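Beneath this line is the structure, given in structure tokens, with notes to follow.
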Amino acid sequence: MIHAGLNAYVLLSALLFAIGFFGVLLRKNTLVIFMCLELMLVASTLALVAFSRFNGTLDGNVFVFFILTIAAAEVAVGLAIIVALFRSRRTVQVDELNALKH
Amino acid sequence: MSNLPFDPLLLAIAIPLAVAVAIACGLPKRWSIRLAYVGFAAPALMALHAWFYFAGQTQVHGYAYLTNYSTGLDGIHGLGISLKLGLNGISLPLFVLAGLVGLAAGLYAIQSTAERLKIYLMLLLVMQAGLMGVFASVDVVFFYLFHELALIPTFIMIGIWGGRDRSYAAMKVTIYLTAGAMLSLIGLIALYVKSGAPSFDLITLRQIIAARPLGETVQNNIFALLMFGFGILVSLWPLHTWAPLGYGQAPSSAAMLHAGVLKKFGLYGLIQIALPLLPHGAAHWSHTLAALAAVGNVLIVGFITLAQRDLKQVIGYSSVMHMGYAFLGIACYSVLGAGGVVLLMVAHGLSVALLFLLATSIFHRTHTFELTEMGGLAQKTPVLAAFFVAATFASIGLPGFANFWGELTIFVALWQYSHCLTVIAISGVVISAVYGLRAAAKVFFGPPTEAFARVAAQHPPSDLNWREKVPALILLAALLFIGFWPKSLSTSLDATLHAVYAAPTSAGPTAGGPAVSGK
Amino acid sequence: MGSFLFDFFAIFTVICAVGTVVNKNAVNAAMCFLLCLVGVAGLFVQLDAYLLAFLLLLVYAGAVVALFLFIIMLLDVQGKSAVSFRRLSTAAAVIAAGLLAVGLCSFAIHGHLDAPNPNYASGVGAALKPYAYQLFTLYLLPVQIMGFLLLIAMLGVIVLSKKIDPAEGAK
Amino acid sequence: MFDFFFNFHPVIQALIKGLAVVLVIFPLAGACSLAERKVSAWMQGRPGPNRAIVPWFAYIPFLGTFLQRLGVFHLMADGAKFLFKEEPVPGHVNKLYFVLAPALAMMPAFTTVTVVPFGAYFDGAGHAIPLALANVDVGLLAVFAVSSLGVYSLILAGWASNSKYPFLGSVRASAQLISYELSMTLSVVPVFLWINAPGTPGTMSLAKVVEFQSLPGFWGGTWFIFLMPLSAAIFLISLFAETNRQPFDMPESESDLVGGFHTEYGAFKWSLFFVAEYSHMLVGSGVFTLLFLGGWNPLPWIPLADFVAWLHGLLGSAVILHPLFVGVLSIAIFLGKVLVLIFFFMWVRWTVPRFRYDQVMKLGWQKLLPLAIANLIFYALAIAWVQTR
Amino acid sequence: MAIIPLERKPLSLAERTYLPAILSGLKTTFARLLRPIETLEYPEQRPAIPPGYRGVPTLVKDPNGREKCVSCQLCEFVCPPKAIRITPGEISADAPTAQVEKAPQAFEIDMLRCIYCGLCQEVCPEEAIFLQNQYSMSGYTRAEMVNHKDRLYELGGTLPDPHLKWDKKKAAAEHGNTH
Amino acid sequence: MDIASLQTLAANNDWLAIMPELLLGCLALALLVLEIILPAKLHSRLPAVALLGVLALLVFQLLGFTAGFAEQESFNGLLVHSREGQVMRVFFLLAALLVGVISTISLAKQKLPHTEFYHILLVVTAAMMLLVQSNHFVMLFVALETVTIGLYILVSYFRSRPLTLEAGLKYLIMGALSSSILLFGIVLLYGVAGNPELPGHTASAMNLDSLHAFLAANRHNFLASIGIVLVLSGVAFKIAAFPFQIWVPDVYQGAPTPVTAFLAVASKGAGFLVLLVLARTFSPYAWLLAPVLTLMAGATLLFGSLGALTQHNVKRLMGLSGVSHAGFLLMGVVAAGTQSMAIGAIYFYLFAYLLASFAVFGVMALVAGPDDADQEISHYAGLAKDSPFLALVLAIGLGSLAGIPPLAGFMGKLFIFIAAFKAGLYGLLAVAIVGVVISSYYYFSWIRAAFFSSGTSSDGEATARPARTPVSFTAGLVLSLLAFGTVLLGLYQGVLGQWLNTR
């Protein structure tokens, strides 16, 4: 029941990836930045599944398993860091985190 | 004992290094000093041995004492880097120079009252080892590597035991010399790569290039790299500014070794490597080099020297100026010129080391380097005055001293190259005579200044003691020995130069006698 | 119908993704992200990857975004998070946006792939067992590494958030 | 026989299915709430709600009184009250999410119901065709995936209320949900390990599990609760926690958090949470029934087919074999089991005292999870041994 | 008195799983389920009030229909929550109870304050105030919750009085023998 | 898929081939188990257990107990074992060992759990070892992420210091960003290489060998080139190469000193080895690869050198100087496109960098106070007087980093230069010279602080600086060995040189 072409999927995932990337650049809130990063990962998985489906190889789909696991671990660690940082600095804004400059 | 049961070259490097390591590992002070004597004496002995028995040695590709120590990089597929030691006619005089100046500097340092003497000696020993290695290396990489090994202690010694501006001086010296070294390193690498040689060893390089000379453009470019790289190291104008500053701030032994020996590395490199292998490049750049050396080093720096009021600065600038002659000799690109340069290097090395030594001795008595605050020291210290005057004469190039032969040979070679430059160069001799004699006069003769009188009243100056005399004597004796018997060096030198400089000339039309084309 | 579903989910996903990026309120952003994930899961279903679709919901939507929301609320940073554009970063963002647009356009134009026959190997991804076979034969080593990865992530979270016991540590 | 249904436009089909879900879930949830009150009352020696009555029903001689005594009209009154009561929206809340949260609470419940098969009939060849709105191959995973979204309603409700106790309640709730999801998922893996023997196509379908429990023979037809009691126990306990039932009712815990995450809610929005909780219980019980209690098979080792055949032999009527009858029968059996489970929920509520919050977490992470893992390892080994023998 | 420390018995493995306890709990609750309902269906079924029940305080009359209260205000004095308010009144000489000096003109018990302690009953020298079996007080307003004299008498009714003290006094007075 | 082929696949999982990694993982687990079963009194011994374990592994690896697997694939092509891989195992084990030793110094100043640190360290090390041997994108990504996530934790490990957490967060964001970019690149490559409509398409598009074959058949595919650029960008982050280096100074400063060392050496080393593998895989796209990498190398060199020039904090300085080292290595990678000797040069450079960096970081850990991020150059004033040993080690380390002969760093630079010259990268060489000169300035200013300033200000008062940690026997031994190794490797390359020779 495939009705849309491969190119549509790939372009969609590239668009999602770009949106996520844009968000990483634009936003100041680390939590949102982090979400945008996850969005980029999801975009990659979408392309992966589409390629896997059209190429007829399962590797892409299996890779998604790993990506999901990695993303979960990454989020867990990342949020732990953000929370710990918030405890000491009371902020999650990137531009306020500049103690390391000097 | 023409054939030793060991490799004298390796020992000349290894013994000082071993002593340095032993001191670094925490040898007690008494033992450190005793061992240091060994560390400084061994290279000198090896050098003298090599000097006297050089003619009797079996020579392989023009090198005596040729030995090879693998570093794991040689072999069929390797880069061809190995510790290859050997002496030819060009390196022998300098090897001897290094040994003698090292001994003098070492003796002077051991007896000095420097703070943290152990570390000072250790660094000096490392430097000595490096110096011996530079001139004993046949492998280009090790040639470079030993140079740096000798260079680093200089920085540290300037930085720790130097004068008031030691930090700045150390920094400046480091930057300049690193830049020069890097340029020359790239030049050497270029030589290696472009020649397609399987090895960095000079003999192979020569053979390969003789068989297949490099293209003109390549030669020009590589020579430029080497010329400016080595030029910085030898204080080619306008890249010389580190030298007076560094020497002014350096402790005496370090200054002796650096100005006397280490600085010759660049010239040595040019003569041993650049000129023979890159004849076309040498021809291409000879005008530039000659102009820079004549106008910059000889005239401009000469006038600057005249304006100096600080004894050490005078010596430092004079050293820069004398390097101008050496560059001029190189610019000629002839056997005669190169031979002159080698002689001058040896002579200048000995004399400038002596001058630095004596300058420090003067400082110990006057507590200043300011020429305007000195005078009349000769009455209190006649021996010191005699030594200093002798050294000044040597540095000016009066006959009887080694410098004379060097300068003379260069002037002769230069005359064949360009009359105009010769005139400039000879006028430089006049300048150096003026400032040299004026400095001697200011320090030793005339009425004592008030400042000196005050110092002399507090610390009555004594004449040279033995710990100063012995090193000074060694240097002066060598100066005179070579001055009266230059053949002791020039025989082997001539042979090598002819062999080396002839090879590329015969190989291709491109290198058809640059000495003539210079006209 | 199928094409309609694709169009619907694609537009829905993109709108939600944009919402994630532009929403001032972090909670709204998280909810948009959640919806975006649901959209992607829908697309997965259309690509016959049912298992992955539900895994995506289970792992991402069920746990990851929940965690996000949790932290956002816990830190309660919504008040301060109004997007304040600095001139420099705005300029950078505009340039980046332009580049992205150009990149995407060229991607769309040059990156055109000859789509293989969609019915080629249509069973890929739909059945469950091949996943297991792959995971436990070919990809067994990565799976093991994943185990270690999760373990260190867990340890890391514990270390990063456990109260420091003054008695401990100075051992 | 259901062909006419499949001839409809898919959108209409979906609408009908959705409507069916709403129509089934709401009354069932209401009935459960009534049952809860009655069972609670009986266990405490009370009659429970038994007063309200619509005036003219009182005239029906026997039935009217019975319904009144059963409290059915209380249920209706409650429903009417929820519908028509004033909807208070406190001024300090985040309006959007405050309104969205109860709706979200219903969504997973409604969605998961679609993939839970609730009965079966036999086609001409005697194969059991499961009855489900959407019989997908990844059934159980779908249930888990969608029900894991339920946590959002709690988080959002608590946060949007912008008030201390609701927020604490929602934090507790979401943490509890996430914690027990792990054990729950792990506990059912042995079941699927068992049914996915080598050489068979892999499946996570719930209908397949029931099919497996309907196989003839002692080992084939046995219910998984006998085969894997520990799995069942872990699943059940996790189910209690997942549905926030006592003794795991941390999110509400009226003694310390007033009303938990829905403290600020009232009227219809509150009732949606209420219904959602019962819907979760229903779906959870349904899944438990399918996984461990043999689904629509009437008794252990007596599959539905045998039962129908026996009935047919007993009554001799051809109606018995009619798919419609079988379907209804299977649904009835299934629902019966679900209701028994619901009763069990209520039973436990009045037996086991509430946990403290730290006990909940400790039980989840330190007891249940290791137990689930050990259970999984044990069964993995055992199944490998049994099936490769 | 020596303190005897009792060792807490360590739980057995079965006990530590809590399963037996839970099972027995389930048994208990299930058994409860099957037992008959024990609650009263209140409005229809009334609880049996035991004797001595302390309900709402009331005023009583003696069998002759005479107010027993003499407005001594002891109860008002003793009432801890100050729920009782008495306004003493004269007794007209022509009244049948004229031999009593006073009777309450108004007697109010605020049932929102009353704590059913029974001290008023305890202290009453005339046995005029009683906490009886009335247990349900309700009203829509605060005013309704204040029991006035009439309501109090209505609630209290008449109690048998073995003494009929004032009647005896009156008889004695009429007899001329005041003491 | 039939059972028989599955069994073949399963049988190909040759666990013996990754014995060092397995043992490392087991050691990591054993640490956790030991922490549970041992009494608290003995917990302070656990780091020693970890270090001894790594040491034993190192010895075994040097004895060559997995040498039998050299030059063959295992795990169905997920991994490929080469002699380089064997050498890099030694590299990473050595790095882990040294990080462990430095950690004992740094962790002692913090009130934090120790065992977890070593556990994560070991796991990350094992993942790095697998990473550089991976021959398959799935394996590569998984191992890379294990490394990265482990490093997120390690970077933010000293969480009582807000700077550390800030560093962790920055590393996290940049790391995750680069991972995403890398992943998207992988996906594109996978998608293109598996496309049945294209010539040379392959069923195992994640496998680098197959990918290489595909790329060779399609030399100008747009999507593939995008994928290559994205993958390279992702890797550029890990090696801190030019536009992706902005995280470096902050993270290096904020991270605990041993972790900074780990990042600087092991992580960078792993990144470069991966880059080498990828460059080999993408070699049909040299038209794209060469200019991109060349630009990257030049910019990295310049940026690193110039950035380090103005730093006062030694950790930031080490970070930015590390960027310039990355530039040198990148130069080697560019050269490796045409000159195979460049690969050997890169390996040698990495080893030299390892020895020198750890010598410097070891001294840094000993000089640092309890606030790990606050390490100024001025704190080193008078070091030569107070502790000549540390000063000497520092000088040797920095000298080697600056590329001063006869230290190992010089030989590394020499090899790279030779390779670059052979490859004709004259522009890059010019930039490199500038870089070396600049670097000698800032390294020297550090040495100057240690040797030439007295540690007292002009009015005789000691400048404020944290108390230095006394040098323990182990630390002294390790530092001496590092210094000795640096000198030795500069003069005598021996086995390593022979190995380079035969590349």
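Each chain gets a letter, A, B, C, D, E and F, in the order it is written, and its residues are counted from 1.
By our rule, a contact is a pair of C-beta atoms (placed from the backbone, for glycine too) under 8 Å apart; a residue touches a chain by one contact, two chains touch by 3 or more.
This is a predicted model, so every value here is computed, not measured.
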Worksheet item: To get from chain A to chain D along touching chains, fewest steps?
Response: 2
Fill in: Partner chains that chain C and chain F have in common
A
Worksheet item: Measuring centre to centre, with centres taken as mean CA positions, what chain is farthest from chain D?
Response: B
Worksheet, complete the sentence: Using only protein Cα atoms, the chain sitting most centrally is F
Discussion item. As a test of whether you follow the contact definition, which chain pair has the most C-beta contact pairs?
Written reply: A-C
Worksheet item: Where the centres are mean C-alpha positions, what is the separation of chain C from chain D, in Å?
Response: 30
Practice prompt. Please compute the C-alpha centroid of chain E, do the same for chain F, then give the distance between them in whole Å.
Written response: 89
Worksheet item: From the C-alpha centre of chain A to that of chain C, how far is it in Å?
Response: 5
Fill in: Geometric centre distance via CA averages, chain F-chain B, whole Å
42
Worksheet entry | In chain C, residues with contacts to at least two other chains | 1, 55, 63, 74, 107, 111, 113, 115-116, 120, 129-131, 139, 142, 146, 149, 153, 156, 160
Worksheet item: Which chain F residues reach two or more other chains?
Response: 138, 142, 145, 149, 152-153, 156, 159, 191, 195-196, 223
Worksheet item: Linking chains that touch, what shape results: line, ring, star, complete or other?
Response: other
Discussion item. Touching pairs of chains, all of them, please.
Written reply: A-C, A-F, B-F, C-D, C-F, D-E
Worksheet item: Where on chain C does chain D make contact in their complex?
Response: 1, 27, 31, 34, 50-51, 54-55, 57-58, 61-63, 66, 69-70, 73-74, 126-129, 131-132
Worksheet item: Where on chain F is chain B touching in the complex?
Response: 341, 384, 388, 392, 395, 399, 402, 404-406, 410, 414-415, 417-418, 421-422, 429, 433, 436-437, 440-441, 444-445, 447-448, 451-453, 490-498, 500-503
Discussion item. Residue numbers of chain D touching chain E in their complex, please.
Written reply: 39, 42-47, 50, 347-348, 350-352
Fill in: Complex contacts: residues of chain E adjacent to chain D
22, 25-26, 28-30, 32-33, 35-39, 41
Discussion item. So in the complex, the part of chain A that touches chain C is made up of which residues?
Written reply: 1-12, 14-16, 18-23, 25-29, 31-32, 34-36, 38-39, 42, 45-46, 49-50, 52-59, 61-62, 64-66, 68-77, 79-84, 86, 91-93, 95
